[in-house]
Amino acid sequence: MTSIGTGYDLSNSVFSPDGRNFQVEYAVKAVENGGTAVGIRCKDGVVLAVEKIITSKLLKPGANKRIATVDRHVGIVSAGLVPDGRHFVSRARDEASSWRGVYKAPIPTNALANRLGGYVQAYTLYSSVRPFGVTAIVGGWDSEAELAVDGQVGQGPNSGAGGKVEGAEAGGPGLYMIEPSGLYWGYYGAATGKGRQAAKAELEKLDLSSGNLSLADGVKEAARIIYVAHEDSKDKEFELEMSWISSLDGPTKGRHEEVPKELREEAEKAAKRALEGDDDEEEEKGQAMEE
Amino acid sequence: MNHFPEAWGRPRDDVYGAYNPSYLQTTGPKAHTSSPAVTGTSVIGVKFNGGVALATDNLASYGSLARFSDVKRLRVFGDKAVVGFGGDVSDMQYIDRLLASIDIRENYSNHGNMLNAKNLHTYLAKVFYKRRSEFNPLWNHVLVAGYDGEGKPFLSSADLLGTTFSAPHLATGFGAHLAVPILRRLFPDEKPIEEVTQEHAVDALKQCLKVLFYRDARSLDKYSIAVITKDGIDLKENEQIEGQSWAFAERIKGYGAQTN
Amino acid sequence: MASLLDHTARGETVGYSFSQSAAAPVKQHGFYPYTDNGGSTLGITGSDFAILAGDTRSTSGYNINSRMVPKVFKIGGDDETGEGAHIILSVVGFAADGNALKERLDSVVKMYKYQHGKPMSVSACAQRLSTILYQKRFFPYYVTAILAGLDEEGKGALYSYDPVGSYEREQCRAAGAAASLIMPFLDNQVNFKNQYIPGSGEGHALEAKKAEPLPQDHVKQLVRDAFTSAVERHIEVGDNLQMMIATKDGIQEVYHPLKKD
């Protein structure tokens, strides 16, 4: 059943007779036009990447970042309406900081995703608001080491249990994707925006669930996937923006940072080579057929 | 004997006297902290050629009780500055978290944390001054060490009243009486800072810590020391005062083992 | 321990061992929000200049906090160095209040220039400073301020204040720890108090020497003499002498060493 002319799409929070909220579905349409964003959950970190379509030659290259830092250990990238994404990030920062205020510790990635899911969902409930025009990918690294409480002054008892559980495993990478409906799932690999279909297909080939992909390889894959996903809108120029969060003994020491320029350019070069390789193969195939 | 549950676990009036309910007053002016509770003693700092060194011991006292002996009073801000805290430990923790939240906010932008030690000191002094003006002071005296905007070594003090001052060597609390004279003798005004090496500075701090341990009853021989250079911050938090000499104690009645 | 055995004390009277009735005195604040950071300042005007000076020592009780904490500031400059300012302010007393006051006045003078497109006159600034001080009449800035610059006729202008904003324009004023040592010297050397024209008469007929503006070099020497003398007799004054001289060419700042004992 279509929404056109029925009136069920004119107000937010109104169900159509077959149980759909058309305003949310329109928000999803806004997302589908946005630059492709992907996130990959690697064994020793998380990568976020986004295809930033250059809308004007007057924009300064490298400026106007689309990936945001939320707390030391969390980053967010989104596809869809950029201002909505900014507000979403602002809320995420408030949540992360209020968590610290209460628990004197960094917010776990899953808890942040949960809070943000709840927040986005609330914008589907009232006629006075419209849903978020973004799908956001939240990547984080929860410390695998026992973390000091914020402001902690000492080490605690060094004899006896001291309230510590021996050998308990904790922390690790976290990757969540939150949609305009407020729906969120945890992912091994997430993609949204215009090129999501191609990107998802590529992500699925990576066998992420086995947990073998390293962060360094993840960076290269993320770059390649953005390039692959861009193939369908080749006429437009774009910039690749990438960030990562490694384990505590990795390159970013558990912090969310921009991928260093050299590394990104290397990954881009490899991505272009991989694409040309594909073209060559196709050309070869074509030639073979012609012959 | 009082059998009412309301009184269970409470000190008996007939033994201990009536509880002073003025602490529970709901009327009258709003009272804030009017004295510190758990406190750290001196912080000492010295500038040297190309950097700054800062030291504190690891003790937090509850009045005259040596309450916590593993308290790290040198707090690192970003990768640029160190704050050494004297005074109330809970206020120190509050400020530490405040600074952590600023560091996180600074990292929202992609050039990272741009605040240097001088900026941090200005900010802290304003926090202290605001709180003293609200009659709700943060009961600390801090030294801030790092670099200023021109990349020169920076060492400055701020206290609970918002008073600020800067000098080539500084000390708070007991250190102002005991360490500053030592530092002024070792590093007189005529001696340019370029002639003070990192080793000189660190040795001087260790010497001061030892004197403070001898003479400040609220001090400890375990200490933290931070050396800030262009290469970064070298923070050691579990150091021990070396080369103590208690030989004199043998000749003093009441010290050591002899009983008469 | 007698009270432990003394069962008749509160006996079997039913009630809380925790008595609510005891009338307690209202608790007073135990926090005193001021301190005295010592030091001294002084200002003298001439026909076409004004000088503000202060020592650079900062003290807490018998301790010297630092030998280099300036008390004289440029107000309303274009950048953090104070470049482009034409008004100077000295503050002595509680240094934290002094700093807060300086920063407020500085931003007020800057805003005046942004909003009116012309620099604030010294007389206007003087009135504004009084207002700022009086606004905190019941929680004062514990400082003695002196404001100086050139008036609309290009003559040296100097205004002195009490902590709550009472002010007047004067030829000269000493403030701070050694004010009582320096001020009489100034009375005599600047306003020629107790100086008479020799041979002008006997007894009451003796004619007082009339005060007139002094040349700049002479005033600078007076300032230095005032401080070298104050340093001898006051422990809170010393280390360095900071001088700012406001002329039509702007503000010049100089330092001289003082005794460090």
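First chain written, first letter: the chains are A, B and C, and each begins at residue 1.
In the analysis below, a contact is a pair of C-beta atoms (placed from the backbone, for glycine too) under 8 Å apart; a residue touches a chain by one contact, two chains touch by 3 or more.
Just so we're clear, the structure is a prediction, and the values are computed from it rather than from any experiment.
Student: Treat each pair of touching chains as one step and give the shortest count from chain A to chain C.
Tutor: Minimal hop count between chain A and chain C: 2.
Student: Based on mean C-alpha positions, which chain is nearest the centroid of every protein C-alpha shown?
Tutor: So the chain nearest the centre of the shown protein is B.
Student: Which pair wins on C-beta contacts, B-C or A-B?
Tutor: Between B-C and A-B, the larger count of C-beta pairs in contact belongs to B-C.
Student: Report the chain whose CA-based centre is farthest from the CA-based centre of chain C.
Tutor: A
Student: How many angstrom lie between the centres of chain A and chain C, each centre taken as the mean Cα position?
Tutor: 59
Student: Any idea how many Å lie between the Cα centroids of chain B and chain C?
Tutor: Measuring from centre to centre gives 31 Å for this pair.
Student: Which integer distance in Å separates the CA centroid of chain A from that of chain B?
Tutor: 42
Student: Quick check: what residues of chain C touch more than one other chain, meaning two or more?
Tutor: none
Student: Which residues, counting only chain B, touch chain A once they are in their complex?
Tutor: Residue positions touching the partner: 58, 60, 68, 70-73, 89, 92-94, 96-97, 100-101, 104-105, 107-108, 110.
Student: Mind listing the chain B positions that touch chain C in their complex?
Tutor: 2, 4, 6-7, 10-15, 18-23, 25, 28-29, 31-35, 125, 129, 132-133, 135, 137, 157, 161-167, 170, 176-177, 180, 189
Student: Please output the residues of chain C touching chain B within their complex, sorted ascending.
Tutor: Interface residues on chain C, with respect to chain B: 3-4, 6-7, 9-10, 14-20, 22, 24-27, 29-31, 33-35, 37, 58, 60, 63, 65-69, 94-96, 99-100, 139, 260.
Student: Provide the residue numbers of chain A that touch chain B in the complex, in ascending order.
Tutor: Answer in residue numbers: 65, 68-69, 71-72, 93, 96-97, 100, 104, 150-155, 258.
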